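What follows is a pair of complexes built around subunit A, which joins subunit B in one and subunit C in the other.
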Partner chain A sequence: MSASSEGPTAVARVRERRPRGADVVHAYASLAALFAMVVVFSALSPQFRSVDNLTSMVDSAAVLAVVTVGITFVLMLGAIDLSVEGVIAACSLAVALLVANTRTGFDLGVAGVGLAILLGAGFGLLSGLLSTLLRIPSFMTTLGVYAIGLGVATLLFAGVRPVVEDPWLNGWASDRFLGLTLASYIAAGAVLVGWLIQRYTRVGRYAFAIGGAEDITRLSGVPVARYKAIAFAVAGAFYGLGAVMATSQLGSGVVEAGTGLNFAAIAAAVIGGTMLAGGRGGVLQSMIGVLVLTVLLNGLILAGVSPYAQRAVHGVIVVAAVVAATWPVRHRLGVVK
Partner chain B sequence: MSTPQAPVLAVEGLTKRYPGVTALDGMSFEVRPHEVVGLVGENGAGKSTLLKTLIGQVRPDEGKIRLQGEPVTLRGVAHAGSQGIGMVFQEQSLVPNITVAENILLGAEREGVRTGVYRWGAMKALAQQQLDKIGSSIDPGARTDTLTFAQRQMVEVAKVLTIEERTTVEPVILLDEPTSVLERREIATLFKQIERLRQRASVVFVSHRLEEVLEVSDRIYVLRNGQVVAEVDPHDTSPADLHRLLIGRESDGGHYHEDAQEPCDEAPLRLRVEDLMTAGCRSVTFDIRAGEVLGVAGVQGSGREEVCRALFGATRFSRGRVTLDDRRLRLRSPRAAVRAGVGYVPSQRRTDGIVPPMSVAANMSMAYVGEICRGPLLQGKRERGLVDRWIERLGIKTPSTTTAIGTLSGGNQQKVVLGRWMVGEDLRLLILDHPTRGLDVGAKSDVYALIRDLASAGCAVLLLSDTLEEMIALSHRVVVMKDGEVVKTVDTPRGAKPDPVVILEEMV
Partner chain C sequence: MRRPKRHRRSVLACVAAGGFLLSGCAGEAGGGTTDGATCDPEEIKLIGQVRNQTNPYEAAWLSGGDEYAESVGLEQEHLTYDGDSQRQQEQIRQVLAGSGVECTVLNVLPNGDSDTAPIVAAADSAGALLVTHWNKPADLNPHDFDRWIAHITYDDEKSGYQISKALFDDMGGSGGIIALQGILDTSAAQNRFAGLQKALGETPGVELLDDQTANFDRAEALSVTRTLLTAHGEHVRGIWAANDDMALGAMQALEAVGRDDVKVVGIDAVPEAIAAIQDGTMTATVSSDGPWQGGIGLAMGYCAATGELDPTAVEDENRAFYAQHFLIDESNAAEFADRELDMSDFECANLFNRATGPIAE
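Right after this comes the complex of A and B.
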């Protein structure tokens, strides 16, 4: 074995070289990009750096932030969630019908909001259980749950829009404190809760471990299926909260309340460094992504891009941002599915 | 030999049958308190099935496992742990992206987690207790993927030792090929850990490396065909004796089939590489004749792996000329290389070499699908005929051509990978990147014979190898690479093989 220093160590070294702080680098890169954009837009447009615009940007990011916190837990598992828009639709209708409104006699207030969030968690749990019990890839089960959610929402809608008359819930979108709407503070609280879940609870830590190496986690005696399902449920609860916030902003229960959010949330998470392969990134990184997307979109509007072209331009920018964000970690011969 | 005491672990008549193969065939042995028991066997001898049975991943068809004299049924890794059996896995079983403390306590955090909420201080203290047992100074708060390989192995040992807190009995620790990816110095550290470990546990040490098993074990069981065929005392056994028992036949000097090395000085030049530059190598020039085996020696970072990948079109080169049979090659992609008559056997067989769930036939025919097509359509009959022929020629042991290749032993998988290139009528150059890695003695010998056959048929072979002995024995010439350049060429003709030291000196 005179040359045993050759082959075997090659394996060891390659393994060592792999991530070693790649997450940190990625987070810094995204943050740097965010600052660069803010600086550039501020220099180009006095309108961009106005206080009004800054607060309106934060307000407009609130729903996306909450939804992205949720989807981060699913992405950390290495799974994907395509049910966001369906879950938000159902929860939006549910909360609008449960608080004081123009269609039903319910006036549950806070309890109504709580029930809507629980409904979201229930949808998430359904996605998680379908994925783990039936062993079906999450993209398939969550697409199914997406359709179920839209169906439930359409049934609840029944052709008549329920307008929210609960002053407390309407206040989420209109009452301001230090220039920001209540919804923005609720979103900040949700981000904090998400971070605490990720850092200090079993479901958060196990989601991370499962995304890192599911088989090893299972071999260590962790009930992987259970914690995957719980992580989906946690994500669903955040979608539920996002739906309540969107409903407050829209003033009524709307089936389309979540349109575009699924794509935006996944893009934000990936830009922030929460990789689709799982086990990387986290709630705070994803929030950097949310800010990047929000600033980009805002800049787009200020730059005078035609409203008709905005969606397409938005899509192009998201893909470009994802490419830029993931460029350092791509592998030429890697397999992309 | 240690004085016979009541065994902590006894295996009695363990039998496990899989379709087409009996992995365990009435295996019996025992482990006594504070003993290091070596288990050796070729691939397919039943080692891995045995270990899986002992940690509850596989249920035996027949036979008993007794712990402290009591028969037990093991229901899984966690359950085996609670009964006192723990294992350090060959492929390291740590989650890379979480902390050392979490890894050590994963799934059994005890007071580190209260009602689902982590108490990081308690977690780290508990993990520190385990690390203290083996005298390790690793920070329990460190992210696992920032550790070196050897450090991670220490973490594994610490993790396994958590079963002490979960049971009242002294544990049995299974070590599956723990040295296979360690350097010499790291192996010495591991052996010290095993000595420490035996103060508090019994150890089962499984390895390919006979010298190491002899060094570390109190007793050794030799496994063959799912049975224990011998129990030996390491103090009066030589590696050669053990090797004989292991393969069940005389190990002659013809392990490398050196007699079959045919001189190729007169043969035409097959491959010329001139001034090749790619990421990791600055300027590489060498050539290979038809029928020649050329070894490329070099340490990690010498650039030899990069040359291989560039020659197969897997990475691009920024400068230089590659000519194959006087035709200049443009290696834009692996596909272009295959079309030009170049084959590649990667070092990571399971991830790069085979598609585990696909059949033996599909794995063998995938590089030259054209051979079995008529027009755009695959001809199943032609594929079967072709594959059957090669299975017979290469002596591949498989229940059928439709068996998933992932279920075969490593040696048979590798023969299929080699066969994949031999199927091509016009294979001119075969690049072998550590072709015998992880193979047992018998399978290695078979692979050596195949390499000889290929060379005799006129194929040029570029060889990277795990050991210099192997490379020197197989090659006609060895080029030594260092810092991205060829620094020396050494002739290694039949009957006049140089000492490895000659090459080693140039490498470092």
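Right after this comes the complex of A and C.
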């Protein structure tokens, strides 16, 4: 991202129209929800409070965190992305086939990981271009790209799963530093990069402006279509990285590697305060949502909730968390569709 | 892996209506029922239908069908419906709308129990030959039909029991285990877990520390196992998984925390699991022999179409049966790793050799 601090003044003006106080309140509300959850689970289960469990939760959150960073850029635009599972499927198979594996002769190592991330960015760009050039709502185009990704993954799978034999990539899931796996540090790095993109590049700043008021942004001379497409591509790159991490954890290229992640990522972003209407929230807020969901899944098991009841309890708490997180700013949401 | 899906009553109603319409068409065409008549082997159309080709089991099923088709000089048409009941019915309707339907053989994996009835109705009234696998309602039986040759399934409770026994043996008959269940509202998950509970009842030394669902999914099994390992730590000596995907996910979780003293079992015999058994990192799995399933349905249909098999002459208990499954452990993993189809299984005289008895109600 070379585009940097030469100030997008028009956008700055757009942003000033919006009071920042609401966002701050919102972030506190979701933090409070997270805190309440931690307190309750700590009281219910001594294992929940253990250091072992803390590291295990951080490791579990890694993939979701990276994917959520990506989807946050799309949600900030006021668009939606339903392609996550398809893109992850294709990238998972791609990276497994490009590094040392049991099926192909490739042994590209780092370059293979880079190519998989590029593939993800390519899918994202495709979603973005289809939405902007053909003026089709993003939920349709990304649903199409989801199917394309799944199709590509099925072709690459060809009946036999490629098992990853690259010790470096396998090490992401098993090598530890200070108790945490490398994947957790990579995720932390990705969150930092995501935050820098959001804060200091045109892509990030315009994404906010476009989500807040697309017409005004366009009238201000911002090439809206171009930056929308780029934001989708950035999101796709993060899905690609998430796919690489999931592949490392699963040990082979798996078409279903992204199952459930699309919904979880959207839920995490919304709990954190990234509104589906766009123009609000951000990478760091979304991470609060990621923690809420991870703590919830972990805590329900450790607290001994019956597996038969877990899904229902999980659903109820997610809805409650969204309500708690959005309550303070609900008057600003306007019409909810 | 096998996930009977939600019931879709409205779809069923439409499809049932479609089936009646088709029966009308076939009657008018004058070639609908061909009892006793035989087909020219070259005119026989072989069709294999499964959910998708994104998992090793169903991919192996289709390749088994291809191999059989090739052995009789034909080609198998592949249909996949992505676990979508509506699409499955639509595909069946299209196939049965063509000509030469009475020489068409369908080897089908219905999406769920309730999807079987409309498929059977449509195939029977159009005169196509049909073999179904895994899912059917208990009160619907092939012996009440002429063209629905057989329904093949496996005794899930027995599979669950066998891997439990193998696991307990490998643990030396004592210690704690955790169980990863499949999708809780499927009969496959319920019956496999019942098998585990039966084995637990017979082995007082082994304690079930926790059971959770990971929905037959590898990534979910990874995170659930990680949580359970923090909860129960060193007490966990074995992991029972209702399918191999979850077993493989659990093994990744064990690797990530550096545990190599925990035994793992699963069901399905996917290639990675067989390789793991050969390496000694996994204890056992159960194979239903997917390639055989892909071939046997086509073979039954082929033999019926050429007149070498009269479905109505087969005993009732062989029309809907539990097929033989195989426990794979260290002793025989190598044999299953590069197993080839035995074409003699598909000869018209041997079609029911793997039947181990009627389906229990």
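Note that in this section the second predicted complex is superposed on the first by the 290 of 337 C-alpha atoms of A that agree within 3 Å, B and C clash if a C-alpha of one lies under 4 Å from a C-alpha of the other, contacts with A are read in each partner's own complex, and residues count from 1 in each chain.
Following the convention adopted for this analysis, a contact is a pair of C-beta atoms (placed from the backbone, for glycine too) under 8 Å apart; a residue touches a chain by one contact, two chains touch by 3 or more.
Here the structure is a predicted model, which means the values were calculated and not measured.
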{"item": "Partner chain(s) touched by A:108 [first = subunit B, second = subunit C, both, neither]", "value": "neither"}
{"item": "Partner chain in contact with A:212 - subunit B first, subunit C second, else both or neither", "value": "first"}
{"item": "Contacts of A:140 with subunit B and subunit C, given as first, second, both or neither", "value": "neither"}
{"item": "Which superposed partner A:225 touches (first subunit B, second subunit C, both, neither)", "value": "neither"}
{"item": "Partner chain(s) touched by A:313 [first = subunit B, second = subunit C, both, neither]", "value": "neither"}
{"item": "Touched partner set for A:159, first subunit B, second subunit C, both or neither", "value": "second"}
{"item": "On subunit A, the residue positions that both subunit B and subunit C contact, one per complex", "value": "none"}
{"item": "Contact set on subunit A toward subunit B in their complex", "value": "1-13, 15-16, 18-21, 199-203, 205, 208-209, 211-213, 216-217, 219-222, 279-280, 332-333"}
{"item": "Of subunit B, residues touching subunit A in the complex", "value": "76-78, 81, 89, 93-98, 102, 106-108, 113, 116-118, 120, 145-146, 148-149, 180-184, 209, 211, 297-300, 305, 314-315, 347, 434, 437, 464-469, 471, 500-501, 503-504, 507"}
{"item": "Contacting residues of subunit C [partner subunit A, same complex]", "value": "52-56, 59-60, 62-63, 181, 184, 210-213, 217-220, 222-224, 226-231, 233, 248-249, 251-252, 255-258, 270-272, 275"}
{"item": "Partner subunit C, residues of subunit A touching it in the complex", "value": "45, 47, 50, 52-53, 56, 59-60, 89, 150, 153-154, 157-161, 163, 173-174, 181, 246, 249-252, 254-257, 259-260, 297-298, 301-302, 307-308, 310"}
